[in-house]
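Take a look at the structures below.
Presented sequentially are two complexes of subunit A, the first with subunit B as partner and the second with subunit C.
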Partner chain A sequence: MTTPKPLLDIENLQVTFSTRRGPVEAVRGISLSLAEGETLGIVGESGSGKSVTGFAMTRLLDASGKISGGRISFRDRDITKMTSASLREMHGSAMAMIFQNPRGALNPIRAIGQQIADAILAHRKISASEARAESLELLRAVKIRDPEKRMNAYPHELSGGMCQRVMIAMAISSNPALLIADEPTTGLDVTTQKVVMDLLASIAAERGMATILITHDLGLAARYCRRVVVMEQGRLVEEADALTLFRSPQHPYTKRLVAASPTATSRVEDLVTDDEKLLVPAVPLAPPPKPAHGTPPLLEVLDLVKRFDDGTVGVENFSMAIAPGESVGLVGESGSGKSTTSRMICRLLDQTEGVINFNGQSISHIPAREFHQAPQRREIQIVFQDPNDSLNPRFNAFDCIAHPLIRLLGMRNGAALRRRVGECAHRVGLPANLLERFPHQLSGGQKARIGIARAIACRPKLLVLDEPTAALDVSVQAVVLQLLDRLRREDNLAFLFVSHDLNVVRMMCQRTIVLRNGAIVEEGESHQLFDSPKTDYTRELVDAVPHIEMIAAEKMAAGA
Partner chain B sequence: MSSATLQHAAFILRGNPITGIAAIGAALLIFVGIFGPWIVPYDPIASNVQNALMPPSAAHWAGTDQLGRDVFSRIIVAAQLDLAIAVSAVGISFALGAVIGALCGYSGGKLDRAVGRFVDVLMAFPLFVLAMAMVAALGNRVENIVIATAIINLPFYIRFARAEVNVRRNLGWVEAARACGDSHISVVLRFLLPNVLPAMVVQMSLNLGWAIINAAGLSFIGLGVKPPTPEWGIMVAEGARFISTGKWWLVAFPGLALMLAVLCFNLLGDGLRDILDPRQRT
Partner chain C sequence: MTTLGATAIRAARRFASSLPALFGVLIFTFLLMRVLPGDPAVFFASGPNSGKEEIETIRKQMGLDKPVPQQLFLYLYDVGRGNLGRSLMTGQNVTKDLRERLPASLELTFSALLIALVLAIPLGVLAALKPGSLVDHGVRLFCALGVCVPTFVSGLLLIYIFYYLFGVSPDPTGRVDIFTTLPPAHTGFLLIDFALAGDFDGWWAAFKQLILPACTMALFVIAPLARITRASMLASLGSDFVRTARSVGLSWWRIIVTYALRNAILPVITIAGIVFSTMLGANVLVEKVFSWPGVASYALDALLSSDYAPVQGFVLLMASVFVIVNLVVDVLYGIADPRISIG
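And now, the complex of A and B:
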């Protein structure tokens, strides 16, 4: 057996960024190679250097970043030594890259047809009308409906998924031998993600194009890549074919990553390996309390409707109930109205119609503007999506946690407040010495803990969680989920868990409600709902989630 | 101020020493503004006709004017009035503008639209002419210069605060503050305003220079400050009569003082922006 000459061969690549605090090594000597037509996944958490590696391959690094060592040979030419003229030529013909946030990567004031034609004309000497015809062909190739009409559309008129298809069209316009996709579907809905990734995979297969998929999502890498490398802190820690990697990870980091990725069968307890459990105080996990039959619901929502000023309907006839200590998931894609619903229940937003009863009392008649004075304010709390923007930049951790205690419980500055804040910090596993720090001095996981500590500070009965882990790395997500689950059991807290991540909801919630275009599509016991969905929409959602085991089974079947 | 901020400031100053010079200049200006009357070599108002229109010399660094008053002393003493007018005008427009703008930016809706139209109307006038008209209508007094300067500056602060608050109003921590029991108004005043303050301080510093020019300009055309009070604008106006006969120092030195003052505040504002907001660094 002869090994064909690799398309791309990276040897001991090092990338250094010069920053105010001196040089920072983002990539510390990685080596990998890629054959023609191969698909490779680069997996890692934020800060692992996976994107920097991608940018180094295309020499599109920031001005402050420098390839400080190693070699990248592409078709036997060393990219690190190329002149800018030959780089440009290479970008046009041999290598292309697509990015996260496709809308940001497109020019907002130029029709997409023209933008694709521009990309073609930049590298080939053909007439404008030929380029136009070709861009129409490309739009067809990326399966955009009505391509003739869409030629003249501007990026803001297209959905995120469509924009990414346009980016793909631009990237393949010059028939590159290698396509680097950096988090191409992050921020897209799970069904859109599947469509875009399937398209990318089929185009790559059709054209014999090698693909490098850079992602934080193990499931995605497993589904679409034959071989996967795992990066941690600028180093390559493990390399294997997807199946082996997920079945029997060797490196401790990979083991942790695989364990932390929620799958269809994982339980919250299993997400973290032992060494991380030490970060949160150990508490015996009691089985979830079964609400006795006939107990009045903690929260009852009847025919909730939200119409916005411009006449669009955000939520329609939404009814649900949550028992004390129960955890209910609310899933849906962007625009499904799940955030609107959660904010109405939190009384941060007024409903147009409908009734919300909390503990047997109506709270929907209190306008959101005045709810801060209502006695129920402290009983209904919320954890926000992005820990990075849910903390006041001018408050330190202590102030953040103390804030609701001062406002809602009327506590004064003093020993009692300090003790209570310390207690809350301890419950969420936040070291006491971090309480003096400001948000920008804390990591995402620490900020998430502060957000949770603030929400539970007043001992609420209902906690609304608005995508609490969407902005976190999987290993941090695992710890946070476990923390939330423990808090719920300890305090007999009820959860309304809003998320687009079905695997997380399945694990965290006893019941799940599927929302689409503001209306409930399906609801039921989580396991039942996900294992045997009754509606097509739910089935579509469930199928779109890349599951490691399912893929493993599929690949086994295909390989056998 | 934490040590990290100081470190950051030191880093900026190393790359941009002009900010340091501007800061020293501004500090000097403020010192002169406060202690000017006590440190000048001559009485700025007492006339001495025998000594009139002397060119700069060792005794009179900036020469003397048509009444024999020492120009240098007058420039130093004038700093007090000019700075007082500029600082109080900027202070008033900042205080009002920040609160109005923040409320508009947070609430949106009718208030925002009404204030927005008012600001548009205000800005449709040539601002200096508007200030002239206001001083003429309100009465030719120093307080009215302050009020006029404050009003014509107001739109910038309203717009600035509105925009800064508007981008933050949907952030998690604003909603979190409400979930923690704060009313809308308290969210604006206790959460949003402190967060936009640093950016507004930059705006104030840039605006100070402009307010000084505005005050001097009004005096130059005879509004507000009256002779013999030393004031840079009046000094330039009075000196202008003698420039054709070669008495350049009457105009040049007060003009220079005016220019340096404005330059200092502008450069300081640019530097502050770099220190407070690294993203805007060029």
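And now, the complex of A and C:
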């Protein structure tokens, strides 16, 4: 096999952003090349410069970002020196991009058929009706149901997955040779994620397009790319065949990243390599205490129903129990009712019917708006999804943690409060000198720790965790998960762990409940449930999560 | 079509919900006029030395001797029948006075708004395309000047330049000079009526009379319109869908106009509605400077002479205009943004 001329060749690319605090180097000299029809994954955590690299390749950087050095040649033309006219000519027809947040990436006030037609008409001189006919074909190609009807739909009328298909249709409308997908499935459900990625891969293969997949998800990159490069702080640290990278990472950063990514077989305690261990020494891990027979459950939910005002059913006949110290996972796709359920259980939302007993006492008769006065409020605490939005921007870390102590335990400002806040901060591994800082001065992981410290401040018995790590990078997620698991064992806390990430739930929870359309599809011991799912839906969910053995098998099959 | 139906239903619901507010305005103005110092009977008596009996007689004629609640009741009854009372100043029905003067104010305000929009939107877009550039600063300076200079100053300045120095515009006294024969009144808008009558000399004369006061008013409102256009255009240009449009290679014009500007225009519609209502009421200075026979100067005169009925009528008219303008803005918004008609 002769090596053909590469389609794309990047040499020592540097990108600098001018900010108020001076220039920031986002990409510091990376070199890579891509052949026609090849698939390449660029993996890295937030701030690694992977997206910036993608935008630099297409010259779609923000006005503040500049390519400060290096060369990008695409089919022997240097992109960095192109005029805006030839760039416009190239966009769409030679290289196209697919973005994160598909709904935002589409014009909200233009019908999708029109938008695809716009993209076609940008490069070909054909009549509007011909362009319209072609957009219809493209909608068919990306497997949108009822394409005739959808032609006139607006982005807000479509689901996120549908919008991403429309985006794909736009990107391939002029048959580009290179498709750059920047986190194309972040924010989509696992099953939708698989469908969209499969579609993207098959279209690219069919039309012989080279693809670059930019993602934070190692598993995703390994599954859909032949070759993967890893970026850290604007540099390429490792480049290898996808499977090799996963199985025997060489660079320490890659090793950490691979270790931190939860897989089907990983355990919480294995997630983090030594140099990232918590500030506090870990306690020896005792096996979780088995609840003795006959002890009443900590939480008991019977026939919970939620109907919304417009008649839609959010949750139907939901029953479950959690023993003290037990950790139960709640999984399902968006719209499955998992958040609604968890909100009713932690009394932020009133149920329509059903009973919730906590510690043998009914709490379901207390309306959500009055529950803050109930004694059970301090026993049931919540860790929210978004560590940024769930902290008051005017409160510093100390105030955030002290707030529940003052409101729920009636503690006064003073030495006792300071000691207790310090204790909580110490337990979550938050250095005491950070307590004076405000949320915007802290990193995502530190904010997540504050959220946890706030939740455990009143020594609750049940913690409801609503996607607690969804917004975090894998390495930070690993640390936070470990922290949560340790706290649970130390305090004999019970968890209701809501997540869409099956691998995380499998590690963190002894039992798992699978929800779909507001009803329980399946429940059982986590490992058993995921290893041998009884229902098709659960199997679909499990299969949608990429894992290494499966990927290896798939690749073998494809190669043979 | 369903969207049209939905828009109509929404508009009707909006209108119905603003009726209580109109009623509140009615009562509030009535009470306000009664609280204000000044006795219309004294004012309209023959002279400062007129006797007590004469004042009493006038007061009785005007119904001011009755208790306030009864006056209010009578007033509401009259308004309900479409009778806004009689102006003591002009001796005519307030309804008739307002109907004569409203088209003049509306024509002036519409023209001013049109001029302002035609200038402000391109200026805002230009400023947004190159933020921090000379153009941006120039637009900012122009807007600041427009807001800083009071309308009577800019009005007088324009008169000084175009009438006194260059002599290109006619003397600033009203809508047409008195020797022009007026066209048959169809709409009350002189420009339209002249055009309908086919009298283009008359149209030109009316246009020349109109252009200076309209520009004076426009200058004042260009600033908010241009600023909001710039801000929302900046947001729009920085949005993900404009990046998408660039990534598929759409032409510059299509990106700026079809993608960015159409999205950016939504808040401008809202502001334009507010600006229009404010202009209509607040253009009293312009009307005074240019001797424009509009409703605002009419209301001011009435207020100065404690003439209750025209003031109350004027406030009610303004409130109604406000409601209608909001309605129009609402409908326009529904047409411009498909996301609104849902929910």
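Note that in this section the second predicted complex is superposed on the first by the 551 of 560 C-alpha atoms of A that agree within 3 Å, B and C clash if a C-alpha of one lies under 4 Å from a C-alpha of the other, contacts with A are read in each partner's own complex, and residues count from 1 in each chain.
One rule holds in what follows: a contact is a pair of C-beta atoms (placed from the backbone, for glycine too) under 8 Å apart; a residue touches a chain by one contact, two chains touch by 3 or more.
Computed from a predicted model, the values in this text were never measured in an experiment.
Chemist: Quick one: classify A:104 as touching subunit B (first), subunit C (second), both or neither.
Modeler: Second partner only, subunit C.
Chemist: Touching A:167 in the superposition: subunit B (first), subunit C (second), both, neither?
Modeler: The answer is second: A:167 touches subunit C but not subunit B.
Chemist: Which partner chains sit in contact with A:60 here, subunit B, subunit C, both or neither? Use first/second/both/neither.
Modeler: The answer is second: A:60 touches subunit C but not subunit B.
Chemist: Quick one: classify A:477 as touching subunit B (first), subunit C (second), both or neither.
Modeler: neither
Chemist: Thinking of the overlay built on chain A, is A:384 touched by subunit B (first), by subunit C (second), by both, or by neither?
Modeler: A:384 sits against subunit B, while subunit C stays out of touch.
Chemist: Determine, under the contact definition given at the top, whether A:403 touches first (subunit B), second (subunit C), both, or neither.
Modeler: first
Chemist: Would you please give the residues of subunit A that touch subunit B in one complex and also touch subunit C in the other complex?
Modeler: none
Chemist: Help me check something: in the complex, which residues belonging to subunit C touch subunit A?
Modeler: Within the complex, subunit C touches subunit A at residues 238-241, 243-252, 254, 258-259, 262-263, 336-339, 342.
Chemist: Would you pull the subunit A residues touching subunit C in the complex into a rising list?
Modeler: 58, 60, 62, 88-93, 96-97, 99, 101, 104-110, 118-119, 122-123, 154, 156-157, 167, 170-171, 173-174
Chemist: Once bound in the complex, which stretches of subunit A touch subunit B?
Modeler: 20, 343, 346, 348, 369, 372-373, 377-378, 381-382, 384-386, 389-394, 403-404, 407-408, 451, 454-455
Chemist: If we count contacts the way the header does, which residues on subunit B are in touch with subunit A in the complex?
Modeler: Subunit B reaches subunit A through residues 11, 171-173, 175-184, 191, 194-195.
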